[in-house]
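Next come two complexes built around chain A: one with chain B, the other with chain C.
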Partner chain A sequence: MAKYISKRILYMIFIFFIMSLLLFFLYNLIPGDPARAELEGVKTKITPEEYQYRYEQARIRMGLDDPLIIRYAKWLGGTLKLDFGMSQVYKQPVATVIKQPMKNTIFINIFAVGLALAITIPLGIYCAVKRNSLFDKLIQVLTIVGYSLPTFIISLLFIFAFAVKLEWFPVSGMATPNFTGSSLEVFKDKLWYLALPLGVMTIGSLGGLTRYIRAAMSDALSMDYIKTARAKGLTEKVVIFSHAWRNALLPIITLLIGWLISVFSGSLVVESMFNLNGMGKFYINALTSQDYNVALAIQLFYIVIALLGNLITDLSYGLVDPRVRVNK
Partner chain B sequence: MGHMKEVDKKRSFLSLLFGNLFGGNNKLSILEEEKVQSPFRTVIKTFRSNKIAMTALIIFLLIFLTVLIGPVIKPIDLSFSETSQQNIAPGYDMMAIPKSLNGKLKDIAIGPTFSAGISEDGFLYIWGKTRISDTVDIRNLKLPANTGKIVDIAAGYDHLIMLNDEGKIFGSGSNRQQQITPSYEVEMLTNIKEIEAGYQSSLVLTEDGRSFYFGNTMNSDYNQFHPYQGNLKKVLTTSDAVVGLTNDGQAVYLGTQRNAYSNIPENMGNVIDIATTAATVAAVNDQGQVFIWGNKSTKGEGNPPRTESKIVSIQGGRYHYTAQLENGDIISWGANYYNQADVPKAVKESNIESFYTDFYQNYAVTHTGEVLTWGLKGYLFGTDDLGRDIFTRLLNGGRMSITIGAVAVIIATFIGIIIGGISGYFGGKIDMVLQRVTEMVNSLPFLPFAMILSALIGNNMTSSQRTYLIMIILGLLSWPSLSRLVRAQVLSIREQEYVVAAKSLGIKQMGIVFKHILPNVISVIIVSATLSFASSMLTEATLSYLGFGVQAPQPTWGNMLYGANNSIVIQNFWWRWVYASILLGICVICINLVGDGLRDAIDPKSQER
Partner chain C sequence: MMKRKNLVILLALIMALSIVVSACSPSEEPAVTPEPATESPAEAPKPTSPTGEVTIGNTTELSGDWIPYWQNNAADYDIYNMITGYGTVELTFDGEYVINELVVDKHEVTENEDGSKTHIWTIKDGLTYADGTPITAYDYVSTIMLWSSPAVGDNGATNDYGYEFKGWKDFSKGTTKEFTGVRLLDEMTYSVTIAADSLPYYFELALVSAVPTDITFWSDDTVEIKDDGNGAYFSDNFTLEKFSARFDAARREVPRPSTGPYVLESYDEASKTAVLKVNDKFIGNFEGQKPLIETVIYKKVNQETALDELSTGSVDILSGMASGDEITAGLDLVDKGGFAYASYPRAGYGKLMFQCDFGPTQFMEVRQAIAHLLDRNDFAKAFTGGFGSVVNGPYGESMWFYQETKAELNERLNAYPYSLEEAVKLLEQAGFTLDENGNPYESGIRHKKMEDGSLMPLVIEWASSEKNAVSDLLVVKLQENPDLAAAGIKINQTVMTFTELLNYMYRDATQDPKYEVPTFGMYNLATNYTPRYDLSKTYPIDPDMVAQGYNTNFLLDEQLDKLSKEMVLVDPQDREGFKVKFVDFVDRWNELLPDVPLYSNIYHDFYNDKIKDYKVNNLMEMVDVLLYAYVAE
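The block that comes next holds the complex of A and B.
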């Protein structure tokens, strides 16, 4: 097991290097001169000779004349120390500006995941138990609709219905401007603003998850040990929850762990729809305003998260289900 | 009895049709034997008996055919934009003149999307799309109780002015440039003969031939002390100038600048009528000759056709002219993209007493008082923020969306089959390396990575290059799931006897993989490709919606929704997002349903689950 884990981690690091190299290479394809950009502000205040001198100094300081591979090594060295450079828009280190959006995204996602699980698990189990009933067929069609509609269309529908027509929730934003009150009131206000985005994210993930849970549960229910349990005269409740569900949980858990982690990039559309100050919105803004240091940092974060997710999914196969021997 | 039979016959025909379409449910008796069928036929039969999947397939094929043929019938002009047609609601009522006006019509004033008419007894009627912006509506006019009879009306770009029999002026619509608030001077006038409205401007002409202007004085070149005061018979506006016709038959320019309008042709003789479009002026002399000057466009309003009879009166739209000949015929020339210069047969055949032309609409009144119309009636699905017809964009955008999805899937399937096939068949080191590569691509966060690729590589690409880029990015990122499927299938098949037999016959390895093994996994590939077609379309829509996919003006269903996420658009201009959303949603749902149906048909076990 330890050998397998270390092998996976080594492989992960290897992929991270390849991806960062690829990204850095692409990043360098963009025309532009950071040294000139830095001196843009003082250009008119100094003499041409001084400008030229400062410009050359800046180029040396930034290492712009080094070969690509050396620049990559320097950049990667900084990145590993969590120094992602300066944001060109905010004029602050990337690591500083990214903190608040990251917190918001984590907050939103934890809520959305919780909500989605609270709905999909009972629904999936019920559908599997009442397989081929009218209700099950209805849910099957609805879940196809659910995962066929892109998030932004669900968002538009939600905004139209609940924010514009019924006026129950605000259209966008994260909190009432200049809102003051006890921390509970602040939290309530935040939830009121986040109700719609959370609703959309939950609905968006309902389709796929419900189907997966239903399939896993159906598989478990068709096993011989369920027949044995029923033949023993156990109540249906015990059969479903302790015999079938426990076994269905194995594939579900592995899916969930991977999904939990990949969900970070999933709130990208919702954040931009509802104007939430999260990582996704931040990423889109960075890309459109060509603030590539920020965009690269977030992209690397996404990649690391995805790789970690993969690793944990792989390991959890072995941890959750002792029958699976990962090092085989 | 006969009637009953008829019903029975009809029903049997319908059941025959549906039976054939969806596959009949003929039950075999115990004694009968089922015919032996090839697996492929069984799949088709099972699929056809799946009503949901068949309906979905038919709907998708209908949409597909529509967007395939539609752009041929309604081609798109990518550079088109029309400021006067922004955010128009769906509907064909722009020229729906009220029936009650028939026979007693006195005058019609035409705006870009609305028209107003007055009857002989002085009542005002307004029809068409009267909402100018989310706050201004022409129909919201507050006329005082003692308005009296309305004797003249004029419609401008975004306003309407009316003159009553006591010489007072009322207005409705946009008042940002005071174009519906008469100046004090105009208020005091008692002898107003005619009113005229243009772009953010209004003009009045008095009985004694003087003109007065109110509205935006910066936009239109108008000199209130022009030398023709007291001698004017008619005044007209282009989008930025004022011209007039004097009592002695001279077309004159009423501004101070020297420009294309003031460059009036010489030797026009005795001018009997003038007309204006947005940027040109036309004059007709008593010989029936037409002179057109100003900033002529390439749309053809500067080239009047030859006529067998003299032109006696002329009126101008935004980019076209309509004129009446001495023999009563009506002719039109100029821009024709709303069919505003296509005089219908009914007009040619009837006896036209008078006609009204402005912007893109034409009304002709016959001697019996019937009103015939031609030109822009409205839009099936409305227009967007640049005045483009949403229906045309949906047709063309649909073709683009489906093409991108299809090309991406073809690329992904190609890569997936090759990598999955090689990796599954050869195993060992090759499999290890290819598996790691697959895993690497699969572990990439799809949407953010597609975005950064599109932003970095497509940084300085043209619109069509970017479209290809999106296809390739989607294709290059979505093959891993298919390659895994193919690998798993190949792994299970390569140990079977016929593969062993092929090997022992000495067939080349590549031949075995692609000729003997692959045909047996083709069903899995088709299902997977169908489902990934749907998800490619979704990803393209999301990318384009966020602004990282296909760029405007090239439409796709996704980028037509770009900019729709503010409450003003969502509420007031619902047609800008509803139709594209519905089409995209239905299309993807149908493809997914077809994919599901196919999977059920191929693998009957999955249905039992």
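The block that comes next holds the complex of A and C.
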């Protein structure tokens, strides 16, 4: 097992270096001159000589005059020490500016993922057990609607219904400005603000996951060992949760781990619509404002998360299904 | 309130039913576009002391960098202005610079033998920061010294505060210790000397303006500014190495020293929201105006839901709305009651920009012909939804010198009305009289015989940025206009990222040698003007400046260059002289037509009608609007 994990980690390091090299070179192929952009505001104020002096200083400060491979080596050296360089937009270290959106995203996603799993797992199992019942059919229709509607539309509908018409929730934001109260009250205030985006995220994810769980459970429930279990006189609860669910879990586990890992990734649409300062919006802003140090750091972070996620998924298979356990 | 929140949190768990609920909502009636105007709510008694709370919604997100020298954004700059006051020079509503007599006890100007000019300022006694710390001349000198120092410059800030002062060049690069153009004369008196090569200058007051800065906030108690008679200087311990971390922290620190009408009380990085409370030590702006609104909240809103935020009371002010759809929806909201609006022209415009040193656009008549082939009134109406206007020169309609010369400009400027005939006449004048075989032109694309005998086709290469609504409309209104083809012109559009467009525009060979080759004769961009209307470095003919990208039009016209420089080389007292030169400059510009102004928006601010005395124009900052407004509840 340890040998397997070591091999996988070596493989992950190799992939990481290849991806970092590719990404760095790709970003540097994009035309643009950050030094020129920095001086754009003062250009008409200063003399040409002063402009030239400042331009050269800015290029030196940003390391733009070094050959690309040297720049890569410097950047990688910093990255390995968790120094991702400076954000061109915020004029602060990337590691500093990334903290708050990451915190917000994790906070939001813990609730969103928790809520989605808490609803979809029992719902998927129930629908599989009660397959073709009226309830199952209704859920199938609703999940298809939820699956098909773009998050953007759901967000607008939610805002219109619950914020504008009913005025139950605020239109956007993460907290009441100037709000004072105990920690619990602050937390509740935050949840009040997050209720709409969480609702949208949950609705948006219900469809796919519910149908996936239902399908996996339906397959498992149609197996011969379920008939055997029932013939042995086991209770329906034991049949469903100890026999069917455990076997249905194998295809679901990849999806579930993917979901758990998604707590680090933001939703661009929901964050933009509800003004949430999260990773999705932050990443797109970095790309559109050509803040490439930030965009690179985020992408590398997601690569590491994806590689780790794959490893955890593979190891989890072994935990769930002894037949695929490594070294056994 | 909390009970209600508990209830709605629980409701969040049963959100699945919401689609059905929201789908049943009634549809909106289509809006009718009214004419731009200003609607003011009924007057209410003015409070005598600050009261109430106002929430400002801005589509630009606060970054939390409260100082403009590291390039913060427009939203951050609003906050900076709210907490920064007591400038020795301030702007009037019309955008004119005036001495702030509430702050300045005495202001003397002496002209020196070397052609330089010294402004001696004596600050009034009794000014304080929000925490009660007295403000003296030392604090004004601190501002100039700090934001000119090599320490902040090497940290990435623009250290050009005293750029026009004597000795700035040496001081800002660390060559000399003393800043010879800045003197700390006594506790309440300091002076600044403008170098001879920056004079005369019409906006001289803008050059010598200063606000107070608490230098200990940016460094520590050990740092001192001294003056031994040769100019102000920092104590030796003021170095980048020692204070780099402090600069980084101080940029974002809350609370921070405040001299403006408000104090930044808190900033929530998670929700990007700032809360400002009135500064009760603030004695007023140059007119003695003190704030009457107690609390100001500044938050980000989405363009898509901004008006929903206003209608539900999440925000009270939405400023600078430009799109026709948004304005129409906003006016509907005003009609329903509870809200008001103010409209004002933009100090700038969207434009077609020509590069004038190669290809067909090097000929003035070609540029003029294109102006004749675009119905700009129709374009502006279509793009702004009826909330825009057309200008005929490089100015904004709210500028005082435009307002005062409007009649003369209207007489002298060519509005380039839509006319195929006029366009054809101009093209013939320019020599585009041949077809592709060199025969007299009858149809197709016009050609001109060049000096070397070759034929130049009348094909204009146009660079436009991606996802740009102006470009899309230009395709319809200009590129695909049948009259354009009838005139014998062809326009080829190339869509690219804005960065790449800038590379082509600046002919920036450092990025790729291909950019150095003149490729595109036409670009669509936008421009905005500030009260300091100085275009002296916009149309230079000096080859070095052209190579550095100062003259992005590559219009090498000696007269325009001269007029643009002469316009600001006027004594600050010579108001009439400035206006005369402004008109001459605009007249020449209008003839040469380096740009074709396409539309100038009529911005709309929508606000809750609890806010009274809301007066705004495009030259004012949000703080100026808030200073005069009040909340009637």
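Please note the rule applied: the second predicted complex is superposed on the first by the 283 of 328 C-alpha atoms of A that agree within 3 Å, B and C clash if a C-alpha of one lies under 4 Å from a C-alpha of the other, contacts with A are read in each partner's own complex, and residues count from 1 in each chain.
Basically, a contact is a pair of C-beta atoms (placed from the backbone, for glycine too) under 8 Å apart; a residue touches a chain by one contact, two chains touch by 3 or more.
Computed from a predicted model, the values in this text were never measured in an experiment.
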| item | value |
| --- | --- |
| Chain B versus chain C as contact partner of A:Tyr51, first or second or both or neither | second |
| First, second, both or neither for A:Ser183, with chain B first and chain C second | neither |
| Which of chain B and chain C A:Phe158 touches, first, second, both or neither | second |
| Partner chain in contact with A:Met273 - chain B first, chain C second, else both or neither | both |
| Partner chain in contact with A:Asp219 - chain B first, chain C second, else both or neither | first |
| First, second, both or neither for A:Glu38, with chain B first and chain C second | second |
| Touched partner set for A:Met174, first chain B, second chain C, both or neither | second |
| Set of chain A residues, in rising order, touched by both chain B and chain C | 30-31, 145, 149, 156-157, 159-160, 163-165, 171-172, 272-273 |
| Residue numbers on chain C that touch chain A, as the complex places them | 2, 5-6, 8-9, 11-13, 15-16, 18-19, 21-23, 25, 53, 55, 61, 63, 65, 70-71, 156, 158, 160, 163, 169, 173, 248, 266, 268-273, 275, 295, 297, 299-302, 304-305, 308-309, 311-312, 314, 497, 499-500, 502-503, 506, 508, 510-512, 515, 534-535, 537-538, 542, 544-545, 548-550 |
| Complex contacts: residues of chain B adjacent to chain A | 52, 436, 439-440, 443-449, 451-453, 455-457, 459-460, 534, 538, 541-542, 545-548, 558, 561, 564-567, 570-571, 574, 577, 581, 584-585, 588-589, 591-593, 596, 608-609 |
| Residue ranges of chain A in contact with chain C within the complex | 30-33, 36, 38, 41-46, 48, 50-53, 61, 89-92, 100, 103-104, 115, 119, 142, 145-146, 149, 154, 156-165, 167-175, 177-178, 185, 188-189, 191-193, 195-196, 198-200, 202-203, 206, 272-273, 275, 277, 290 |
| Footprint of chain B on chain A - complex, ascending | 11, 15, 18-19, 23, 26-27, 29-31, 141, 144-145, 147-153, 155-157, 159-160, 163-165, 171-172, 215, 218-219, 222, 262, 264-266, 268-269, 272-273, 280, 283-284, 287-288, 292, 295-296, 298-299, 302-303, 305-307, 309-310 |
